[in-house]
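After this come two complexes, each holding subunit A, first together with subunit B and then together with subunit C.
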Partner chain A sequence: MNHGQQSGEAKHEDDAALTEFLASLMDYTPTIPDDLVEHYLAKSGFQCPDVRLIRLVAVATQKFVADVASDALQHCKARPAPVVKDKKQQKEKRLILTMEDLSKALREYGVNVKHPEYFADSPSTGMDPATREE
Partner chain B sequence: MKRRRNSKLKFEEPSDQSPTTTADFTFTLTRLAVSQICQSIGYKATDSSALNTLTVTTTKFLQSLAGLASSFSNAANRTESNLFDVVNGLQDIALSTSDCFPGGSTVHDVESHCLIKSAVVRNLSDFVKYAPEIPFAKPLPRPERDGSSSGRDLDHEAVTVTRSVEYVPAWLPPFPDASLYSDRCTKDGSDHLWENSVTVIDRENLMDSLKSESCRGRKSGRLPQRRARVRFKMERDCSDGDTRWRQDNDAESGRDVEVKKKIIEEYIHCAGEWPI
Partner chain C sequence: MNGERAQEDPAASSSGCSESYEFSHAAAKAAVAQVCESVGYEHFKDPALESLAGFALQYILQLGKTAISFANLTGRSQCNVFDIILALEDLTGNDDGDGGVVSSESCSLGRSVKLKGIIDFVNSSEEIPFSQPLPRFPVAISKKKMMMIPSFVEIGETPPGNHIPLWLPAFPDPHTYKETPMWIERASDPRGDKIEQARQRRKAERALLSLQRKLVCKISSGTRVWGDMDGVKEDEGELLRSVSPSISGEKVESLNRDGLSVVEAFAPAMEAARDGFCSEVDTEWKKKKKPDALSKLRTEKKFLGEPLDLSLKMKGEDRPLSFVRDEDRDDKRRRAEFILRQCMENPVDLNQL
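Presenting the complex of A and B:
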């Protein structure tokens, strides 16, 4: 009997937490607009009149993109910076999202993105101007 | 040696190619949102190919989540998805990561049906609490929403979905514009005769114009409006052998009246009305 009461109270708390979370979705403005999310959902046959679920999907998508981008940023920071002889020219590493970092990050999420190899006419083709001048 | 052009552009947008189709338009909007998220993470610039790849991945994520949620709802004999369908879809999508493992079984628990215990929902709840709010760069023009309609597609710009009939499911496409069919289907008022209706008059005008255009003098097949009146009498020919009762004028007139009366009575008896 006591155990049943405790489980009932816990369930009530969980329901309250879930309700609070769904209510907070209406106050939070996701980066992806609701209309855009609705467009992609409608393309796949998803139909729901509740705006909170649209926001939930938008938030989930935003979180996914943020996680992938943050993982790619970690890969970018972990890469050793190119050696520069002149210390005055040493600049702060500019964080740029590249296909190399993105493919490594997406691989953890089960998305296989392989950048095609290209054949250059010389070894310095496609390199940064700073390293090329050396 | 020619210097290779630096392909690393800062949040570039194809200025020469404006979105021509709806797919391009929505892709451009999605890319803008993805670039904003990347900027919030800490990136200063992105490769155009990397940004496009991430945008395509985002759209695939959205569509796969929607497809999973709708399939869950269809499996439960429903057309409208609910929270359980969306959470189950999120669980399936998060299978490749470690997000779904803690509390993944509680979603399918028959007794509790508690969704908040799922790690996916808890992570989303924490994300909403602590992540900074990044509104979209440019506000989209929001049309007026109808209470019954939920999917206001960017394809249909000027469609106002007003469901006046409740028994029509919302997922069906909207009815065509009333102006396309209402004029043809509405009946003319019963005040005037059919001969005076617009269709008949128009047809007569058309026929007159055709007649004037064709060679004159040829019979068109229509009766002239002014024609001689035709009168006729119905008589019974009571001929008895060679003699005919018509020769007897006196008797004939009397018999004529009697015969006519009888015929009239018979006709009235049979048809109920004498066509005069």
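Presenting the complex of A and C:
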């Protein structure tokens, strides 16, 4: 009974926190506009007149993109800097979002966007991937 | 801090078939680029940005799909917050290591890792609103071919039949598919018609008078020209009934054939006076008639110049006051009857013409 009561109390707290969070969502404007999110949700069959839920989805998507982008940024920074030819001019590393960094970052999320190799790059191109790894 | 952003020209961007897809995709690219910029990126490569935008959209679609399926499982058609939380958990997997097991408690705040992460994100991250003002989605194409037919409810019509629900598009108006005979409305101009009638009567009268003039010339030579009253009396009855201008023309012809008779000449005037048909025209006409008749009896030469003057008078169209007109009408009627009686007493022989 105590356990049940405790879980009940916890639930109430959770609910309160949830409502508070949803209310706070109205103050926070996500980067992805509400109209766009609503349009795509409608495409998948999601129908809800509540703006807070739309915002919740927008925020979730924003978080996802931010996570992926930050991972890609880590990969980009981790790459060794290019050789400086001119001593006077030290080139700062240009942080460019490339397909390579993105594919590495997305791999952790279970998405494979690996760019297929050019046929003439290496002698092992086009061969069976299992044998290639060996 | 704007780097090498991809051109957000919808025409150049994707291979989307519909216009709304291109627009939404371009908007998504802009939003994703803004998020990446907030993370720390300065420049973007176009394929990378496009694919990331595609992933973000796929994320939204998957989230929506999963959420609605959770709602349908419990027998609801609209989603609520718990459906979304469950979908979030389902999409990314619990970090507890259950391997995709979604328990009933995981939708609460305490258990949901994802939700906690989102809350932290909201609290920690900077608010970056979308840079461009976005118009209402999806954009309604205002071309005539895409115009939406309003439903019965929107128009406020009741569908013709109980089996047709109100939310269906309304039927087209009957005038679009039914052809009914058109009533060609001719503008009726009673005043114009009366004027036309009077004009034609005047014409007939003029012809009559010219004929009389010729006869008078012959009378002045000594012979009596008035026609045989007895012979004409039978026609008189028929003629008195008809007042139209076309028949007055015929009267002139009949007179030419049978001979001139004062009764016939006065027949239209008598008929009009009896019916009270046309007020102004008839009074003017009688004014005309009276001096002609009197002049005929007094002197045979007097009425030669009068038709012209009278026609001019008609064009002027004086409108006497109504009470004066009534008195005049009575007066004229009496005089006309007097003249008629006199003529009846003196039979005229036209056979001598």
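Worth pointing out:
We take it that the second predicted complex is superposed on the first by the 107 of 134 C-alpha atoms of A that agree within 3 Å, B and C clash if a C-alpha of one lies under 4 Å from a C-alpha of the other, contacts with A are read in each partner's own complex, and residues count from 1 in each chain.
Everything below uses one rule, namely that a contact is a pair of C-beta atoms (placed from the backbone, for glycine too) under 8 Å apart; a residue touches a chain by one contact, two chains touch by 3 or more.
Everything quoted here is computed from the prediction, not taken from an experiment.
Superimposing the complexes on subunit A yields a three-chain arrangement in which subunit B and subunit C clash. Once the two complexes are overlaid on the shared chain, A:122 sits against subunit B while remaining clear of subunit C.
By the touch criterion defined above, A:25 lies against subunit B and subunit C together after alignment on the C-alpha atoms of chain A. Of the two partner chains, subunit B and subunit C are each touched by A:96. By the touch criterion stated above, A:14 is placed in contact with subunit B and with subunit C alike. Contacts of A:108 after superposition on the shared chain: subunit B is touched, whereas subunit C is not. Counting contacts as defined above, subunit A residues 11, 14-15, 17-18, 21-22, 24-25, 28-29, 31-33, 35-41, 43-49, 53, 56-57, 59-66, 68-70, 73, 94-99, 101-102, 106, 111, 113 meet subunit B in one complex and subunit C in the other. Here subunit A touches subunit B in the complex through residues 7, 11, 14-15, 17-18, 21-22, 24-25, 28-29, 31-33, 35-50, 53, 56-57, 59-66, 68-70, 73, 94-99, 101-102, 106, 108-111, 113, 115, 122, 124-126, 129, going by the rule given at the top.
Across the complex, subunit C is touched by residues 10-11, 13-15, 17-18, 21-22, 24-25, 28-29, 31-33, 35-41, 43-49, 52-53, 56-57, 59-66, 68-70, 73, 94-99, 101-102, 106, 111, 113 of subunit A. By the touch criterion stated above, subunit B contacts subunit A in their complex at residues 1, 3-4, 6, 8, 26, 29-30, 33-34, 36-38, 40-47, 49-51, 53-54, 57-59, 61-67, 69-70, 79-83, 86, 90, 96-97, 112, 114-117, 121, 123-125, 127-129, 131, 133-136, 140, 142, 148-155, 170-171. Partner subunit A is touched in their complex by these residues of subunit C: 3-4, 20, 24, 27-28, 31-32, 34-36, 38-45, 47-49, 51-52, 55-57, 59-65, 67-68, 77-81, 84, 88, 108-110, 114, 117-119, 121-122, 125, 127-130, 134-138.
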